[in-house]
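After this come two complexes, each holding chain A, first together with chain B and then together with chain C.
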Partner chain A sequence: MKIDEFNNAIKSKITGAYELKEDSDSYGNSNAWVILENKRDVEVVAKAIKAYKGRCVVATAYKNEKENTHTVVYHFDINGTIVNMQLVTDNQSVHSITPILKSADWAEREMREMYDIEVLGHPCSDRLFLDYSLVKGVLNEYISLSKMQTGLSDTDVLWSKINKGAES
Partner chain B sequence: MSEKITIGPFNPELEESVYFKLVVDENRVVEEVELINGFIHRGMESLATKKNFMQNLILTERVCSLCSNNHPFTYSLAVEKIAGVEVPLRGEALRVIADEVKRVASDLFNLSMLTHLAHRHDLMKETLEIREYMQDLKETIWGNRMDMSVNILTGTKYNLNDEKVTFILKTLNEAEPRIKALQKAYQNDAVFKDKTVGVGILPYEDALEIGVTGPVARGSGVNNDVRVKAPYSLYALRPSLQPKVTTYEEGDVYARAMVRFGDIIEAIRIIRDVVADLPEGDTYLEKRPHIPAGEAVVRTEAPRGELIYYLKTDGSQKPVRMRWKVPTYSNWEALKVMIKGDKVDNVTMILNSIDPCISCTER
Partner chain C sequence: MSEIIPKVFRINTGSCNGCDVEFVATAFVDKFHIESLGVELVEDVKDSNLLVITGPLTAKSEPFLKKYLNQMKKPFVVVGVGTCSVSCGIFRDSYAINGPLDKFVEVDVNVAGCPPRPQSIAEGIAKGVKVLNQKMHGEVTPKKIDTIFQDFSAPQTFRGKMALHEGMCTGCRTCETVCPSTAIKISKTDDGFTHNIWHNSCCYCGNCAYFCPTGAIHSTNNFDTAKLSNHKYTDINIAHIEYETCTKCQEKFMPPSRGLLGKAYVHDDVNKLNAKICPSCRKEANFKRMYA
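== the complex of A and B ==
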């Protein structure tokens, strides 16, 4: 995919100003950077990524020197080309693109709990890594990875555990 | 004076700490899958901003053991991109050799887990015995069976001589026929096939939507191997090295296993090709690079799939921000698709077919 082609797909739909730039590594791989002024335009870019059958690889956030703002960078892939979408939060929020690109799910949830950036419209409110709401006895309901992995396929150990949970 | 320390309510102990909640119907078919994780979240991305660029080579190698080489490799690519460094060709070649050896060892480990779960212990034993070829190779060439300390900024710290090249080729010559025979054994084993064919299906459309990579993606017909789609290092400089990627349409546990066999056989071919035409010269640049302000996004293909690093620098000796994402991060969500609608009895097999790595994912 050519960067110009991607630009043509978004330019008529983006509402705010934006900058498009490109860099490449010494091996010839191109990276596109879309720097948005209006944070609502994330949806336009996300829809264009989806139209190209692209995916969200991950998203990065970092705190800016200016108080209460963060820079957020989404990293997308379209058939081997990285497209980075960058924006600055103002009131500690961004609009979720997970309803458009399911692959952004974990990245947005992690951003929310690590940087306290509100991800507006994200379909899942659960914590991802840092869960402060764990209740006592929750391990009685959850099956550890070790048990899931250690050859229980042909036994009733897993089934018994599930039944036990259902009865309690 | 003694002090009582309370750890918990969760005690990770020696477990890989992810917990699953399964809701099943009366026929033992899974209706819902929920998982909670975060127990070994170590704040490594934050720690990386407290270390200088040299120290972060040590830190990144310790994100994970099975793909330990890929982390400092990818991190180095990010620093080198910002610094505008061109790695000596011999250094590029040596990086690729190390990476492919790790791939073979990692994939064989996963295959052995699958045969263990299928109760085919003769196959599991044979798989682990063959893996020992790679472990011996790592121990002999790099002095360690897991963390090999291959990468430094601008190249590699290890080198090969004729004697070591001969040892690599001898090892591959012994291992390859046994690997091909092993693949046939897996393909012809009725028990293994019974427990893997048609089990834990991830359809093509779901693989695309969730954004899985590596053998999980290729087992569902999605080829996003970074070595082919965005080649780096010697894969870019010598396109003949790029792997002939194995893909399957079925999306089941068996397909993912066979993709790993394809990866292993191609890795052996790549190592042979590189050592047959090993570039002369230095393995790294004598001059330590100046790392200016900048940012870089780079990727490599780890054994489990795409590994991406984002690095932002400000001209100081430490990163402003460093972020990485490993394949399991996406594969967890795919697991929900694979398990839902399948039998409880198949869950362990499906789980292991994504070759999960918790320490990588949580960082």
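== the complex of A and C ==
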């Protein structure tokens, strides 16, 4: 599949503005970036991926500085060509593409659980891994690696117990 | 005293399965002598009187553990197997962890290790059986039980409990920073530093030894980690790194590591270097030597 061909398939159906960039990695494998402005257009791209017998490999997200928004990237594969679809969520929600592409099921549920992004119209409302006693969006909190390595607790309760043990 | 049959039931509270694999080895390999204790593995928690629990107790496993504990008939003994069950190890402070185990149940014996060697697990169960016998006869749990199985030999290359060569350590805190399970704490004292390694949190990864610039921290082949729960906070390697007094200005200072000096001055005898003076006096002496 050629990127231009894919562009022709989506350009008449997309409602908002979008940007399409072509790129290749150090091995020469081609990939494309579709950056959407209207988040409803995810369904158009997903339908095009399905038409080309592609699949959703994974979806990634990160929290933006602007409150309640995330950048979400879906990574699709069409016969060896990677198509990345990027969008910004408003009000922490995206429209699910699982009804179109079943392969997005896991990634969308994971996104909902780890970043508290509501996936509208997703067929399954169950949690993936996290226990219901834990709050959604655990990865929204920024924790630096150095902090992570030296322990997250801000108290010295544990080590004061150990130091007391050392004295006894 | 009539003999009590210890009936073991194992619960996994979110373990990576490392400890569980070692437990299986312990239970079914003859050389670890577990059958000499008369232990019986049971399928129903209601029949058991000795619980072997692995894992850091994840949020998801908490209700299951509570359900099992409610079904137990008293008295019973709990043996926590693996560093995770003792202190949550590398998973401590995670959002998904509700442990350690002693928050929810009175633990009798802790077997640290990541995973523990089968000999340690066998030793932990043997100590658990002793505690069970005492509990069954209404006696108080002892403060200390001597080692039951004496077979604690491991190859020299085995990565067991960490230890420190005090003379080589400069308190640079590299080990403290790279430790993934926060098992090392270096605290400042008036005379220098105290270097503590908490064996009940160590995951034996060897990161500290790998990154130590002077080779002070190192692993030993000692893996005697099956201890009664009252030793949870006392199973520590304590080392004191003391300041030296400068022969010129009498100020206290941290002496440079002999190991590092040896690397830096390969052609000189390190002992003859002016190592007994503090950095500022050394600077002064060197400046005078070069420019005076």
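Structure notes:
FYI, the second predicted complex is superposed on the first by the 132 of 168 C-alpha atoms of A that agree within 3 Å, B and C clash if a C-alpha of one lies under 4 Å from a C-alpha of the other, contacts with A are read in each partner's own complex, and residues count from 1 in each chain.
Everything below uses one rule, namely that a contact is a pair of C-beta atoms (placed from the backbone, for glycine too) under 8 Å apart; a residue touches a chain by one contact, two chains touch by 3 or more.
Since this is a predicted model, take the numbers as computed values, not measurements.
With both structures placed on the common chain, the touch criterion links A:N31 to chain B but leaves chain C unconnected.
Between chain B and chain C, more residues of chain A are touched by B. Contacts of A:E5 after superposition on the shared chain: neither chain B nor chain C is touched. In the superposed model, A:E19 lies in contact with neither chain B nor chain C. In the superposition on chain A, A:D116 makes contact with neither chain B nor chain C. By the document's definition of touching, neither partner reaches A:D90: not chain B, not chain C. Chain A uses residues 130-131, 134, 138, 146, 149-153, 159, 162, 165 to touch chain B in one structure and chain C in the other.
Considering their complex, residues 25-29, 31, 53, 55-58, 60, 62, 73, 75, 77, 79-82, 84, 101-103, 105-107, 127-131, 134, 136, 138-139, 141-146, 148-154, 158-159, 162, 165 of chain A touch chain B.
Across the complex, chain C is touched by residues 130-131, 133-134, 138, 146, 149-153, 159, 161-166, 168 of chain A.
Contacts from chain B toward chain A in the complex involve residues 9-10, 14-22, 24, 28, 36-38, 41, 77, 80-81, 86, 113, 116-119, 195, 208-211, 224, 226, 228-233, 236-237, 296-299, 306, 308, 310, 312, 320-321, 323, 325, 329-330, 332-333, 344-349, 351-352, 356, 358, 362.
Here chain C touches chain A in the complex through residues 58-60, 62, 92-93, 95-96, 176-180, 182, 185, 187, 194, 196, 198, 232-236, 238, going by the rule given at the top.
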